[in-house]
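Okay, got some structures for you below.
Next come two complexes built around subunit A: one with subunit B, the other with subunit C.
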Partner chain A sequence: MEEDDRCSSSNPGGIGQEEEDEDGKVLRFLDSLDTYLTLLDSLSSTLRQGWFEVASARHSMGSSRISSVLLDQKVQSAATTFQVRKSIHGSPSESCPSFAISKWASSRDGKCSFGELEVSHVRKTSKNSELRHRGSSNFYDTTEEHDLTINASSSISDSNVHQERSKSLSVFGTLVSPRLRAAQVSFETALDAIVEIANIRSSMLSAFTQLQQQMKEKDLS
Partner chain B sequence: MIADEDTVTGFLLAGVGNVDLRRKTNYLIVDSKTTVKAIEDAFKEFTSREDIAVVLISQYIASMIRFLVDSYNKPVPAILEIPSKDHPYDPAHDSVLSRVRYLFSAESVASGRR
Partner chain C sequence: MYGFEALTFNIHGGYLEAIVRGHRSGLLTASDYNNLCQCETLDDIKMHLSATEYGPYLQNEPSPLHTTTVVEKCTLKLVDEYKHMLCQATEPLSTFLEYITYGYMIDNVVLIVTGTLHERDVQELLEKCHPLGMFDSIATLAVAQNMRELYRLVLVDTPLAPYFSECITSEDLDDMNIEIMRNTLYKAYLEDFYNFCQKLGGATSEIMSDLLAFEADRRAVNITINSIGTELTRDDRRKLYSNFGLLYPYGHEELAISEDIDQVRAVMEKYPPYQSIFAKISYGESQMLDKAFYEEEVKRLCLAFEQQFHYAVFFAYMRLREQEIRNLMWISECVAQNQKSRIHDSVVFIF
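For the complex of A and B:
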């Protein structure tokens, strides 16, 4: 008899399924809301660190060397950019764009994406694990050339990034305080957080729109 | 970006600054002399440009043009309100959170119960 009761309560004409869907949407919305607030808190700390470093650099280099007057001097294109991919869930009105960051793209190479830098880093780490077994087999001799090519391309990417970073710092003069370099790193970290915030915001608004529509349909029925 | 000098300087160090041939920038530095009209014009310009995916605006500046920010509802460019040096982030004033607060208001709970 207990089993019958369980069966009847779990599927009363499909309404239980709808409630589960609604609960799932509410949970998704609340999760993204929580993540949004946590990421904003993390962004605040990173920005605070960055402002402190900019203030320290200004103290050591002088206010005239770090001022907005220097910023508009020459034509420059952004080395760090965002990419947007629009995805549509369900109806065309519910677009949920996703954002990605491309850091320090070289203007000569066009879009040398951060993704490529990540791949080269992954290959580097796998090469390091192979080093532990170097000498145990002839197989690794043939991979040496391949490893050298990977090393060369990753060092070219690293040097491109270094060049772009230096170009960004050169607005403030040839010799800059280490604090300014540290500030650059802090604000780069802040950009990573911003991309995550943009994505979670998009997800939160999409979940909210779905919930709103469901509530409207419920009211009409 | 629509923010104070230090915030814009920092993000420009990170490589997001763009100055085109007509000396038009993708940022506006707001100080005590910047008018609300200038902020509004910059916001309208950045939100209508196709080469901008995210608009970063300090929350205290967004509050100066709150009506404009709250009435913006396109998915791209995304508007992110960020803290500034002198004004920490306040979730109560965030336009995205204001929009979704409706779900937790007494009215929505009461209508659900009916």
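For the complex of A and C:
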């Protein structure tokens, strides 16, 4: 106790700063947790809305027009891809994988340009990052040279997005009910929310790990 | 001669008219729907339906039930009743009853062609076809590469052959062409059915003209709303509208250039029978439009039963059963998705 008093009297700001730092981490963790739970709830209601809209569309257009049997089984390029960036620099406690989604990518003449949309603000904890692409289908033609151009600042225009949306819905016909289009938007929103949840969870787990480590160090000291 | 059907109708049509009126009394009532709307699970729905005419069709279905199973089994009942009436019917009632199924045939053709375009298995597609629209060579549709082949290989020997004259091209089948083909076929079918009913004359002609005109007008509105924001040009849209109905021709001209739901409303409100439909929905909204149209259709179909000695009762019964199956599908979906508060968004009571 006396030692603590001597330490605090000799370095009162240091201990206070540590406590503030710890409090800050706890607050960050709790904030992340709150955002995570809110996003989960929002995702649940968005998915419910989407499935309800699909049921409404099926009621309007008929069961035979909206059915899984009409989904396209041809090999085609992915309309949406998912990227994972994992930090390989520094300690595991500082690693914070981040996730991003590229929606409605269009391919022209074997080249693809992505309109990369960062769903949430990603905390970049390291300078080196490993980019890993996961496409949902066979995107690359081995006989053609493929050239991926990732332009982080470009965005696909609204008309292109509208065109891509219509193209993906065309499996059910060209003249579909507005409810089916609304369902598509709902599921798209849900996909954005899932990526955001993944990012928040990643940062939450990272904050928790840092906090745990700090508390261990504090106990040891 | 109109007015004298009572003298001769019962000779050939009396038995079947009595049968269809008996079937009509088996339609679900408001109290049945109230019970169904309070169900918590699909098994509860099955239990309530076991006390209705659908009971024998659902009793052997294992749990857990799926909404598509409920729809399939209820449709089987409609198919059995239709086949019984068809095999008992003589001309011209038998032709009239066959006309009712051509719409399902068109849907099945489009389903097979679209599924084949998407490299789906033919057997899988055949299982999803409506039973009332099946014909012998339907599986052969999968080999056709364009509409000319579709017609030459398969459809030339089916009742849909006359409707293909406006569709025959050598263009490859793609999603847009298939959609245009679907709507063009249906337009030709409705016009042919309308002309056939006009030739029958009497009460059949009068009542069926009203019902088919309403169907044509509703199709025109749906085509307009569904094509807003798509690649379908105004001319192509105009070509898909039927050449009869209350909206023909001036309403069609205005609908063809409509770009949003409010413009569609402005066109339709000029026609008194449709003012009441659009009065039920608010500006900019199209969600409740389907329900408003279904309610109006049910009202007209029920009125068909107020008169005797005509064939429109058969058409009306088939459509009322379809509406009932739609209601059951909707209730099942809302129960399965735990959205019971939304059940009354789309259920249309028949009685």
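The rule is short, and it goes like this: the second predicted complex is superposed on the first by the 146 of 221 C-alpha atoms of A that agree within 3 Å, B and C clash if a C-alpha of one lies under 4 Å from a C-alpha of the other, contacts with A are read in each partner's own complex, and residues count from 1 in each chain.
By our rule, contacts are C-beta pairs under 8 Å (C-beta built on N, C-alpha and C of every residue); 3 or more make two chains touch, one makes a residue touch a chain.
In this text the structure is predicted, and so the values were computed from the model without any measurement.
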> Is the arrangement of subunit B and subunit C around the shared subunit A a clash or a fit after superposition?
Replying inline: fit
> After lining up the shared chain so the two structures overlap, which partner does A:T38 touch, if you call subunit B first and subunit C second: first, second, both or neither?
Replying inline: neither
>> Looking at A:A55, would you say it contacts subunit B, subunit C, both, or neither? Reply first, second, both or neither.
In response: both
>> Applying the document's definition of touch, where does A:S63 land relative to subunit B and subunit C: first, second, both, or neither?
In response: second
>> Contact-wise, after the overlay, does A:Q17 reach subunit B, subunit C, both or neither (first, second, both, neither)?
In response: neither
> Of the partners subunit B and subunit C, which touch A:S159 in the superposed model: first, second, both, neither?
Replying inline: neither
> Now for A:P178: first (subunit B), second (subunit C), both, or neither, which partner does it touch?
Replying inline: second
>> In this superposition, which partner touches a larger number of subunit A residues, subunit B or subunit C?
In response: B
> Thinking of the overlay built on chain A, is A:S170 touched by subunit B (first), by subunit C (second), by both, or by neither?
Replying inline: second
> How far apart, in Å, are the nearest Cα atoms of subunit B and subunit C after the overlay?
Replying inline: 5
>> Output the subunit A positions appearing in both contact lists, the one against subunit B and the one against subunit C.
In response: 51, 55, 67, 71-72, 74, 171
>> Quick check: in the complex, which residue numbers of subunit B touch subunit A?
In response: 5-21, 23, 25-26, 29, 53-54, 56, 75-76, 78, 80, 82-83, 85, 88-89, 91, 96-97, 99-100, 103, 108, 111-112
> Given the complex with subunit A, which residues does subunit C contribute to the contact?
Replying inline: 68, 71, 107-108, 111, 114-115, 118-120, 124-125, 127-130, 175-176, 178-180, 182-183, 223, 225-232, 286-287, 290, 326, 329-330, 333-334, 337, 339, 342, 345-346
>> Can you tell me which positions in subunit A touch subunit C when the two form their complex?
In response: 48, 51-52, 55-56, 58-60, 62-65, 67, 69-74, 162, 166, 170-171, 173-179
>> Using the touch definition from the top, list the residues of subunit A that touch subunit B in their complex.
In response: 29, 33, 36-37, 40-41, 43-44, 47, 50-51, 54-55, 66-68, 71-72, 74-84, 86, 95-97, 99, 103-104, 164-165, 168-169, 171, 180, 183-184, 186-188, 190-191, 194, 197-198, 201-202, 204-205, 208, 211, 215, 219
